[in-house]
Amino acid sequence: METLTEQILRDTIRIRPDKSHKGTYGRVCLVGGNAQFGGAIMMATEAAVYSGAGLNTTLTDPVNFVSLHSRLPEAMVADFHDTEQLEQLVKAATTVVVGPGLGTDADSLTALETVFKTVTPAQILIIDGSAITLVADKSLTLPKARLVFTPHEMEWQRLSGIPISNQHNDENEKVRAELNGIVVLKSHHTRIYTAKGTYLNPTGTPAQATGGMGDTLAGMVGGFTAQFTDLENAVLAAVYTHSAIADELAESQYVVLPTQIMHQLPRFMHEHQALK
Amino acid sequence: METLTEQILRDTIRIRPDKSHKGTYGRVCLVGGNAQFGGAIMMATEAAVYSGAGLNTTLTDPVNFVSLHSRLPEAMVADFHDTEQLEQLVKAATTVVVGPGLGTDADSLTALETVFKTVTPAQILIIDGSAITLVADKSLTLPKARLVFTPHEMEWQRLSGIPISNQHNDENEKVRAELNGIVVLKSHHTRIYTAKGTYLNPTGTPAQATGGMGDTLAGMVGGFTAQFTDLENAVLAAVYTHSAIADELAESQYVVLPTQIMHQLPRFMHEHQALK
Amino acid sequence: METLTEQILRDTIRIRPDKSHKGTYGRVCLVGGNAQFGGAIMMATEAAVYSGAGLNTTLTDPVNFVSLHSRLPEAMVADFHDTEQLEQLVKAATTVVVGPGLGTDADSLTALETVFKTVTPAQILIIDGSAITLVADKSLTLPKARLVFTPHEMEWQRLSGIPISNQHNDENEKVRAELNGIVVLKSHHTRIYTAKGTYLNPTGTPAQATGGMGDTLAGMVGGFTAQFTDLENAVLAAVYTHSAIADELAESQYVVLPTQIMHQLPRFMHEHQALK
Amino acid sequence: METLTEQILRDTIRIRPDKSHKGTYGRVCLVGGNAQFGGAIMMATEAAVYSGAGLNTTLTDPVNFVSLHSRLPEAMVADFHDTEQLEQLVKAATTVVVGPGLGTDADSLTALETVFKTVTPAQILIIDGSAITLVADKSLTLPKARLVFTPHEMEWQRLSGIPISNQHNDENEKVRAELNGIVVLKSHHTRIYTAKGTYLNPTGTPAQATGGMGDTLAGMVGGFTAQFTDLENAVLAAVYTHSAIADELAESQYVVLPTQIMHQLPRFMHEHQALK
């Protein structure tokens, strides 16, 4: 297992080319946020926008349109119950993030199944939160796409069948290989399982232990993978950045809120981008 | 009567253990906010979140979902008219805060009665604002739980039957013992009555004399008691912190707004946590 | 005509007494904001809250509840179409502010007439914006109350019958005496007409010439008059403060937004309160 | 082709005359924002307000009223489906901005046609985003007004018929002359085509390549042209300012969000206004 260092940031966060436009930095399509858990998809979206993705559209329950736009007019919105529009927006995306606050009812399942039917092998699909639970509970067949899973330990137990106490690297890697994707196993020191190897994230603080932190990470993984071509590096850099910013804030804060992390992204990414 | 000092903060605000997750810091369930007084439950929720509680769910009138989420995507929301969901969320909570902006109509009463029927002796229940008025007016039987009352002087008169002019320590303590809980009697120098003793809070400023200050305190008591195991200390530390932050802000402000206090919590709690 | 100086601030903004509570600082009831002009009553309310009034309730079109609470959970809200509740809230108020964004349709007129029927001679009534236009257009009989009018020059022409070009002190004072109130005639250097004399406000900047500035002043007049016992001084101090803050901000800004002014109130009022 | 310099700012941003009021700085009427793309018209409006336009009214889908007002109570709102009100508000405007987030469905087309039928030759009309696409797709006849087009390269291809690879100055100027307006052709170095000449904007950064940047520019062009009498200079100064602020922010940010640019406008315009 390799421990990540700041080097992953310089290897990943490229200097933006002068001649570029918003299309250069990818389209993120985020799907989640039912009436109760709407905050989750707002945080994921805000994280994607602040990490610099070119265009961001959020498919969510319409009750969340106004609160999302009050915070973030930079994102576009659509209703995740509208299957046709969901298909169109998924098709147009570089990266799809599905799951934050999605819930596990029939509507949630329909939206998830639509995403799975629509994504193509060249697209990146981040499967988070309720989407992981649904995959496990309903034994859904995973689509052919560049898959990234972002479970916490209990969600990983549901998905992999490995009890939390047995979630060792060998067992985890075995299931990851079957899933044919990248697994970000969130805990107080997150481990990332990929086809190329297993990585330990050394950053992170107990000040992060508050609701919404995972949704924020999912949005950042969405934003990084839409922009940066090496998928594995993009995931690793997003995980490292998320906790490294939290570490900075925790030097003067007892608790770090998810929305505080995202607002540091433009500054942090500037400081840690590739050297010229 | 013992006068509180900063020591209560170092005795209470523990250094967070490295190996922890959001579950370690408790679940707060907040119930309140009708169509007219929605701001009260928003402030209580924001205070619970900024004080570091692990997970926060707010049961309120649906009209308040969007404004709450516009300010604070970190909280989850549900409709307090949905009795079944209210029961489920109360059952899952470490601490329940009931009352801020709840109102006193039939729906408010139903929600309060549902909370009372559902809480168990091991749970902490903060009874604030309209909930105190309803208990007094409807002579409700209090549930068996770890009770904390946060009345201002008029609400205490209603609940205890003691006129404001007679609210002396002996009389207050007598009623507190009957109530079998902790009483935070809010005034320009708040007194706290507990089974272990009576405490005077020396902090506080007239700059705090503005609407919403009590709702904020109720939310902080919720956030502190969900995280810190000694219930009495958690209540005392929340009261002290609330006014100590106001004192700091009043050094340069004529009036201190409730929402300004909460935003200082992560910094203030960091500075005053237990010494390593 | 007397030119105001900073002395009006020290004469008016009292040091808050230690033993006080939110009731000590008055109740402001604000009535206005139809579906199109909702921002006006939000700004007025925000100004009242930030100037330190103890309790603030806004009666407005329900479409404005959510946006008001998104910005300012400290205020309570109610529907201005609900005549019974309007009456109750007006009765409970120290100061009523009517007019910002109220509009001039039948509903607006009904709300205004309800306010006029309900206020009593001991209450302060600020008549602003659309309310001035309605008084003029419908020849409404003014209620017996402590009246303050805050017209701009065109509204004053409508109310007084004096064309803008003839709005000299003698003519204005004559109408003011008939109105039996205080008149704040807003222009690039606002004049204030009272029973005790006429005052010129020397502060103010063209950077203030943007929509919402008057609504903000109306809210500040509401907040100041609810707290400070000398009505005339409270009005004068509010006018002076409003433009003095704008002058400060205009030292580094080409335009000063209304919402920027209010957020400076707690700091500015602290710096200019009565000397101990 | 002339390269713009800071001189365009000093030539355009006049020192505000002491004796002035909000009417002096123009009325901007902004039309756009359907249910999906509401953020676009919010950003355009916020940019117009922060650039100092005297009065700003936004005609949009009603779903956007609350989020717009949550961010910006300074603007007035109306429903763009209400043709009569749209006509009235367009008639009253100094500058009309049509297109940000307008969409291209039947309602969008009706709103655009109403704007085109209503504007008069003395009024300034900024045609942006979806409005450009509609003009091209539906071969709409342009109204007689002081026209400004703000296409990106793909929209310009649709409008002019010139493929992106052939968008050279001569070809572009030829079509501009036929359109009889000013064309702001947005790219990594924006070019501006006017009857007096062609200009290159030297400012701009790839950190700007994110959704909403164009909507912000359209709103700024609206705000500048409503205030500053020389139309050509106002457009040039808005384009220069938009990217010059982004350049400043990009010194410490990897990505610059549209909403961050507008909030710098009052400070930036103060620093670059005409010398006394």
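Each chain carries a letter (A, B, C and D) given by its place in the written order, and its residues are counted from 1.
In the analysis below, a contact is a pair of C-beta atoms (placed from the backbone, for glycine too) under 8 Å apart; a residue touches a chain by one contact, two chains touch by 3 or more.
Composition by chain, UniProt nomenclature: A, B, C, D = ADP-dependent (S)-NAD(P)H-hydrate dehydratase.
Computed from a predicted structure; not experimentally measured.
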**Q.** Equivalent interface positions on chain A and chain B, same or different at half
**A.** different
Q: Specify the angle of rotation obtained when superposing chain B on chain C by their C-alpha atoms, rounded to a multiple of 5 degrees.
A: 90
Q.
Can you work out the whole-Å distance between the CA centroids of chain A and chain B?
A. 34
Q: Indicate the whole-number Å distance between the mean C-alpha point of chain B and the mean C-alpha point of chain D.
A: 48
Q: Would you please write down the residue numbers of chain B that are in contact with two or more other chains?
A: 66-67, 70
Q.
Which stretch or stretches of chain B touch chain C in the complex?
A. 35-40, 42-43, 46, 63-64, 66-67, 70-71, 152, 187-188, 205-207, 209-213, 250, 252-259
(Q) For the complex, give me every residue of chain A touching chain D. (A) 13, 16-22, 24-25, 49-56, 65-70, 72-78, 265-270, 273
